[in-house]
Every structure is written in structure tokens, then in C-alpha cells.
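After this come two complexes, each holding subunit A, first together with subunit B and then together with subunit C.
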Partner chain A sequence: MEQELRKEAKKLLEDGKVDYIVGFAAGTLKFSTTPLITRDKEEVASLVINPFIVNNLAKFLTQLPGRVGIVAKGCDSRSIVSLIQDNQVTRDNLVIIGVPCSGLIDMVKVEKLVDRDRDEIDNIAIKGETVAVVISKETMELPIEKVLFDNCLDCKHPSAQEYDTFIGEPNDTICVRGTGEDKIKELEGMTSEERWEFWRTQFSRCIKCYACRQACPACFCERCFVEESEPKWVLPLPKWQDNLIFQVIRNIHVAGRCTDCGACERVCPVNIPLRSLTKKMCGLVSEMFSYEAGMDKNAPPLMTAYEYEEAKDLIR
Partner chain B sequence: MTIKKISKKDMVKLLADWGLDSTVLIPSRDEGVIEMAEWDGKDISFLEWYRNTVIPPKSSFLPPMEEMFTFQKNGNGYSIEVSAEQRKRIIFGIRPCDAKAIAILDKVFMDSCEDPYYVSKRKNTMLIGLGCNKPYDSCFCTSSGLSPTESADVDLMFTDIGDDFLIEEITDEGEELLATAGAVKKASQADVASLKKARAAVEGMVTRKVDTKNIIEKLQASFGDSDYWEKAADKCISCGVCTLLCPTCYCFDICDELTKKHGARYRGWDSCGFSIYTKMPMENPREEKWRRVRQKVCHKYEFFPMNYGVIACTGCGRCIRSCPVNWDITHVLGSVPVEQPIKNR
Partner chain C sequence: MEHKPDWEPTIVGFLCKWCSYAGADLAGTSRKKYPANVRIMKIPCSGRVDPLLVLKGLRLGFDGVVVSGCHPGDCHYQTGNYRARRRIAITKKFLEYMGVPEERIQASWVSASEGDKFAQVVADTTKGIKKIGPNKLFAGNGR
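Then we have the complex of A and B:
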């Protein structure tokens, strides 16, 4: 599959169909990948596809000039569609190279299960419904639903939804394992006092690095509201109440744009379960508007459209 | 210097002794995030799992957010109350890279000017170093001229030799800390031999290398090479992870929180990676991402050494481990073009 991808990417550059290729290359740490943004047709030989391609590459589209060939998993492709809906990128300037995805491996979960750090593990391989983790010649078999990212466990669209060429075969049924909302259900079961205490503790760890916002393709504002000083909506420093308010407002801003790619939660250096907010918000969007983000490039962005029937439930 | 030793079994007793008149901070884990936090007086299980903290120990001196003072409206004027941290503290388990980082911060906040908030915390805190057993694959301290097991930037230095820790007394204050500790014994010749052996073994585990020879000159020569820096910065997403978690990055922002009659002034971590960091009313000299990435690298490897005589990177590897996109400073430093004409500053 990788060979096919490299060939396709090289051809796109050679034929002058794109100015840039955006994909993944191997990272400099074990079980890591890194975004590859290149104009060099030789460099595309380092493109990879594996269960560690964790970034949502749609993020890079708004900063690249010219025509871009982009490698897209299901969630990336939906973020791209969402950006097209919002007029942030032009479909004609894109060549979307769809890739299938069987779920990505959450190294935090693996580290916890095997009680070792990433760099102490020798090999990780998906074999059907189990994941074989090798540490000093000993193999541990973990059930796949214990090691995939929560959002992958809920994923209904693992393959690119919008694409020009597809590498391999699209698969649209494999991912859903139904346990990706366990954390949210747990939170829903709490009293409001318990829930408040939970988020107080979580947001007390926040250091305001804004990695969540910076990794999110739906956060494309040139100037984020937290950077406004007149009026100052929230403190620029990490006071927990302000950290919480920042996330709540961010969630409202990305409603109808968030594709549950999980990038925000994944990049958080202090492990705040941000997806418990975004996924809950996606659920509300679906419930209230029967809308799923990034599925139709011709649809108007959710929050700019208004249906008369909505008034009954929403405006009271 | 006499070398002493303590059995690992007696560590609770030693920390408890120290805890009588100081707050003891040890590596603690909260939801997988490791940072120096107040010891509960019992648990020393970190000795089993601790490699290094996620949050650098600078947070004990330059917290992510701290109150500088509060103010209150009284009649026609204001009264101000300055916040001060005067607790005596002992940080146990700081790694040599992070102890060096504190020494680097000292140059900024104690030597070149006296920052009262920093100084009051620093003067009341003892640093007890603990040599690494198992450096991460992202560690490159040996390329910054450091050792994973030795440090001159602490008061006492602990090294693991199996059932015991060997203790070097680096400062007089450190020596005093041990003087009254019951469980501490004098180390034997054989102990000192095992210290050397343990050190050599760990040193060899730091396999990530970066060539910092002539790095100042190389960076000066490449400063105007916008093509190089644009390429080097292309995948950076301009978050603050690398800088905020860097043990030597010290930029801060100040803000006030006001209500009608009272308020408080805070300061906290800021990052040159943020696009508004240099925003001024008329212009932003580092609006483009590559200029910010260049600033970060050059500050650590060019400007800081020129001003203070030491590279402001200790090779702790946090910026590599925690980066959302695996932007790896060792690769960037390794690929700085050697000779380039200065064309665009």
C-alpha cells in the first residue's frame, strides 16, 4: 500500500498536478510518525501508512499556497470537506489521496496496559482483533478494543469520504466497537457536583499550550477569541476556570465542524480528556440537527444555515 | 568530598526527617502526568517507575501561573499586598539535565537581575539530584556537555547502585542536610567502584546525539536562509508544548484580573511559538511561523550562549517526547546549513 501511495504522490508532483504533497513519514521516536510536507518528488519515497498516523493533516491545508495533494484517512477527509464548506480551502486546489484506516493505536493505552514506556517496547503489530506487543522477546496479546483511540472505537467512517484517488480498498464497517463513549457515559452518570469537580481537577492541569486548538483543523480563525484583549473574554494564563471556559467556547465554535478525529485530546501534554467534551458536542449536533460534520461538501456550514422547523425546539 | 550511602529501605526515614522542617517535593504521577509535587510522607514508589517529569521542575520556581500581588480600593487610593513564597522546600529526584536548567534560569532571574518572586523560592529550596537509570530515547544530554548521572548544580547527588544510593555532597548546605540524618553511612571503596560502573553504563544509554560544535557560527550563517527555516518549520503547528515544557524556557506574560473594588496581578508561562507573542500595534516582526521557529532554536543555541556563555538546552528531550507532530530539534540542529549567504533577515 505504501509503495502505491509513494508512486501516486510522485506522479502527482511530476505531472505538475500538485505543488505540495502532505502525508506522513516515519517519526524520530519509536511508534511515531511525523507530517511530511514536501515539493520534492524524491522525498515522497518516505511516505508511510501505519496505525500511528495520528495527526489530522487537514490542519496544514489553510497554510499552504497552490495545489496540494493530501493523504486522508476518514476523519481527515471529513475535516477537509468541512474546510471546503467553510470556504477555507478550494476543492479544485486539492487532490485527495484517500487511504483506508482500521483504527489508530493509542500509545498511552498501550503504555498503561504493558506498564512500560513507548521506548521500552520493541514491536507492536495488529493481527486481526488482537495487538501483539513485544517487549524483550516476550509477546503480549492485547485485545484491539483496549488499545485503539476512543474516537477510533466509535468511528463510522474510517475510510476517506471524499477523494480523487484511493490507495487500497475503502472499508466502512470495520471500526465501530461501541466502547468509545464509555468515558462520556461515566460522566453522564455523575451528579452535576461530581462532574464539576471532575472538570475542575482536569482543567487544573492545563498549561495553556493551545496544542488542542493548534492541532484542530476546525480551529481556523486567524485570531482566536482568547487572544482578544478588548474585551478580554478569558485570562491568557492557565487559571482552571478560564481553561474550562476556553474549551467550552472552543466546543461551541467547532460545533458542526468537529469530525471527532480526536486530535485535540491526543496532543494534550497533560492528558485532559478533551474528547469527552467534543464527542458529547457531536452527539448534541446529531440529536438537534441530524447533522454529521464533513459529509457533504455542498451543504452550507451547520451554524450558518437555518431551517424553519428548528425554531420549535431551539428558540423558546 | 566524602561519598556517603543510604539503603533504599531507609529512604522514607530520610525524606521524613527532611520533612520535619521543609516541604518535600518528589516526582508524582497524576493521570499519567509526572511532576514534582508535595510528598505524602509515605509513598516512595516513584523510585520504581520514575524516569523524568513531564512538567519540568522550573514550575517550582517559575509556576505556570502565580499571583504577584493583590490590590484593593480604599477610599481614593489602593492598597497593595505582595505575594511571597517563603516555605523551605527540598526537591528530591531532580535529574542532572533539569538541575542544569535551574542553574541556567538562575543566570536570568538571580544574576543579571533579581526577580523577587524567583529568588524567594530559589533561596529557600534545596535541590537533591538523582542520577538517571534509564534515559529516554529522546534524551540527548551528553550532546549538551552533561552527564545523565553527574551534576554540580544540586546540593546533594544521589546515584542508584542497586540496594543503596550513593550520595555526593556537592554544597555545604547539602552536607548539613546529611549531618543529622541517622540512616546515612560512609561509603566503602567497593561502593565507589560500583558508582563508576553504574555511571558508565547509563552514559552509554544516551544514544541520541547532536553535533553542537560551532553551532553559534552555523546559526549565524544560516540566519538569513529563509528557505531552510521555512522547510524546518513547515510541520510545526505553533502550539506552546515545546517551549512551555522546556526546562530552560522562561518567557512569561503578565495580566490583571479585576473586579470593581479589588483585583490581582498574575504572571505565567508564555511562548515565543505563539504568533501574538511579538504582536505590536503596528506590526508583528515574527508573524510567519518560520521566524518563530528560528527564534526558538537561535535563542537556545546562539543568543543565550552569546549572552550568558552557556547553551540554553540541556538535552532533556521533552520537546521531542511531547511534540504533537514530532518536530525534532536534534534533526533541525543537525541539518543547519554550514555556509549560506545572508539574504533575508
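Then we have the complex of A and C:
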């Protein structure tokens, strides 16, 4: 599959169909990958596909000039579609190389389960419902729902939705083994004071590094409201009140763009359960406006469109 | 919630200048009685109401926020209130999930001829907020 991808990428560059290729290369750590952005025909030989391609590559599209060939899993492709809807990228300038995805492996979970450092592990491979971890010639079989990222376990569209060429076979098994819904239900079962207290505690840990915003493909504003000084909406200090306002507004800003790819939660250095916010927002959007982000490139963006009759019970 | 018996809530009202602001004016000129708890901000259109304004209001310590504009279909700018509606609905629902009681954020459509309705909206909002007590959401840790 990797060979096919490399051949395809090289051909695109040679034929002059694209100026850049955006994909994944092996990372510096074992079982990690790093985004690869290149114009070099030889460098595409380092492209990889494996269960560790965690980044959402759509993030780079708004920053690259010219025509771009991009490797897309299901979540990347939905983010790309939502960027097309928002006129941030032009479909004609993109060559989307779809790849199948059977879930991404969370190395933190694996390391915890096998109680070893990642350097001591020789090989990790997904085999249907289990993940085989090889440590010094001994194979351990781990159940798949214990090692995949939480958002992958909630994923409804694992393969690219929008693509020009597809490498391998599209896989449309809906994975609903995740606990995202349960976490939201648990929060909703609390009183509003308890919920507020929960989020207050969570955002007291926030150090305001803005990694969530930087990793989010839907956050494409050139100037974010938190950096505005006139008026100063939030203080630059990491106070929980301002952290909370920042995150709430960020979620409202990306409503209808957020595909619940989990990039924000993955990059959070203090492990704030941000997916309990993004998933809830996706749920609200689909429940109130029957809209799902990143599914139809011709649909108008959620917040610019309207129906004549909506939200009747909320506004008197 | 514990609070002083003579406590009165302070509510910030974002009113569209074409309908609701004139509606509030009409309530005044026709000498309607309504609670004096609302502090009115005139805005060009309900479409101007950024969710940030709502949150900033709560952050500054207002006990409630009222957003009001023209009835759907009557917007001076054709579609401003349709867009506002999606945004306000999402903001309200999402903040409710975060733990802001729904009484604190009220949205309504009030036309320039509905002085009565405006008085009613303010009265109901004030009553609702009196029930849940002062806004202590962002209290503590300084402002």
C-alpha cells in the first residue's frame, strides 16, 4: 500500500499536477509519524501509511500556496470538505489521495497496557479485533477497544469521503465502541452546578498554550479573538474563567466545521477532556439542524445558512 | 442559593435598534410597568450578537442576558435574525451543557409595536433569575 502511495505521489509531482505533497513520514520516535510537506520527487519515497498517522493534515492546506496533493484518512477528508465549504481551499487545487483507516493506535495506552517503553516493543499490528504487540519475540494480543484513540472508537466514517484516487480498499465499518457518548451522558446527568464545577476544575489546569487551536483544522482565522487587544475579550493570563470562555467560544466558532477528529484532545498537554465538548457540539448540530460537518462539499456552511422555521422552543 | 432578601438581579439586554429597542421605547412611552433590572444596549441587528458578548456579560457579573431582535422575516437587513437564531440557539444549548442555567440566557423576538411583550419578557426573565439567585459562575480568583 505504501509503495502504491509513493508511486502515486511521485507521479503527481512529475506530471506537474501538484506543487506540494502533504503526507506522513516516520517520526523520530518508534511508532510515531510526522507530517511531511514536500516538493521533492525523491522525498516522497519516505511517505508511510500505518496506524500511527495521527495528525489531521487538513490543517496545512490553508497555509500552502498552489496545488496540493494530500493524503487523507476519513477525518482529514471531512476536515478538507469543510474547508472547501468555507472557501478556504479550492477543490480544483487539491488532489486528495484517500487512504483506508482502521483506527489509530494510542501509544500511551499501549505503553500502559504492556507496561513497557515504546523502544522495547518490536512490532505492533492491527489484526481484525485485536492488536498484536511483539516484545522480544513474544506476541501479546490486546483487544482493539483498549488501544485505539477514543475518537477512533467513536468514528462513523473511517475512510476518506472525498477523494480523487484511493489507495487500497475503502473501509466503512462503523465503529461505535467508544465511550464518548457515555461521558456526555454522565455529565448531563449532573446538576448544572456540578457540571460547572467539573469544567471549572478542568479549565483550572489549562495553561493556555493554544495547542488545541493550533492543531485544529477548523480553526483557520488569521487572527484569533483571544489575541485581540481592542477590545480585550480574554486576558492572556491562564485564569480558569478566561480559559473556559476561550474554549466555549472556540467550540461555538467551529460548530458545523468540527468533525470530532480529536486533534485538540490529543495535543492537550494537561489532558482536558475536550472531546466531551466537541462531540457534544457535533451532537447538538445534528440534533438541532440535522447537519453533519464535512459530508457535502456543496452544502453552505452551517452558520451562514438558515431555514425559515428553526429553534422554535428556544426563542420566544 | 443564599442571597440577601433585597437582592435585585442585573440583566444586560442586547436589543436590535430597528425592532426591540423601539419596542422597549414603546413600553416606556406607553407607561408600561416592568422591572428596572435590565440595562439596555442598542445594537444594529440581532445578528450582531456575538456569543462572546453573552459570555462577557456573564463574566462581568451580570445575572442574566437578554437578546432580542425582529421577528423572523422582519429583519431590516433581510437575514440578520435568521443567522442570529442559529448562533443564539447553539450558544444557549452549549452553555446549558457547560452548566449555565438556561434562565440566565433569554432570547426573544420583539417588534417595534410589542411594548407589552417586551415588558413581559423582562418581567419573566427577572422572575426566573430571582429564583436561581445571583450569578456566581465566574466568581472567585479575581475578575
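The rule is short, and it goes like this: the second predicted complex is superposed on the first by the 288 of 316 C-alpha atoms of A that agree within 3 Å, B and C clash if a C-alpha of one lies under 4 Å from a C-alpha of the other, contacts with A are read in each partner's own complex, and residues count from 1 in each chain.
FYI, a contact is a pair of C-beta atoms (placed from the backbone, for glycine too) under 8 Å apart; a residue touches a chain by one contact, two chains touch by 3 or more.
These numbers come from a predicted model, not from an experiment.
Trainee: Return first, second, both or neither, reflecting whether A:A125 touches subunit B, subunit C, both chains, or no partner chain.
Mentor: neither
Trainee: With the two structures laid over each other on chain A, which partner does A:N251 touch: subunit B (first), subunit C (second), both, or neither?
Mentor: second
Trainee: Under the stated touch criterion, which partner chain does A:A211 make contact with: subunit B (first), subunit C (second), both, or neither?
Mentor: first
Trainee: Which holds for A:W196: it touches subunit B only (first), subunit C only (second), both, or neither?
Mentor: Only subunit C; A:W196 stays clear of subunit B.
Trainee: Scan A:T28 for contacts with subunit B and subunit C and give back first, second, both or neither.
Mentor: In the superposition, A:T28 contacts subunit B only.
Trainee: Once the shared chain is lined up, is A:K239 touching subunit B (first), subunit C (second), both, or neither of them?
Mentor: both
Trainee: For A:M303 in the superposed arrangement: first (subunit B), second (subunit C), both or neither?
Mentor: second
Trainee: Would you sort A:M1 into first (subunit B), second (subunit C), both or neither based on which partner it touches?
Mentor: neither
Trainee: Can you list the residues of subunit A that touch subunit B in one structure and subunit C in the other?
Mentor: After superposing on chain A, subunit A residues 239 contact both subunit B and subunit C.
Trainee: Sort out for me which residues of subunit A touch subunit C in the complex.
Mentor: Going by the criterion above, the answer is residues 187-188, 192-199, 225, 233, 239-241, 244-245, 248-249, 251-252, 255, 280-281, 284-285, 288-289, 302-306, 308-311, 314-316.
Trainee: For the complex, give me every residue of subunit C touching subunit A.
Mentor: 51-52, 55-56, 59, 72-73, 79, 82-83, 85-101, 106-109, 121, 137-138, 141-143
Trainee: Quick check on the complex: what are the subunit A residues that touch subunit B?
Mentor: For this pair, the touching residues of subunit A are 27-30, 32-37, 55, 59-60, 63, 108, 112, 117, 119-120, 202, 205, 207-211, 213-215, 223, 227, 232, 235-239, 266-267, 269-271.
Trainee: Which bits of subunit B are touching subunit A when the two form their complex?
Mentor: 30-33, 51, 54-55, 64-65, 134, 136-138, 234-235, 237-241, 244-245, 253, 255, 257, 266-269, 271, 274, 276, 289, 320-322, 324-328, 330-331
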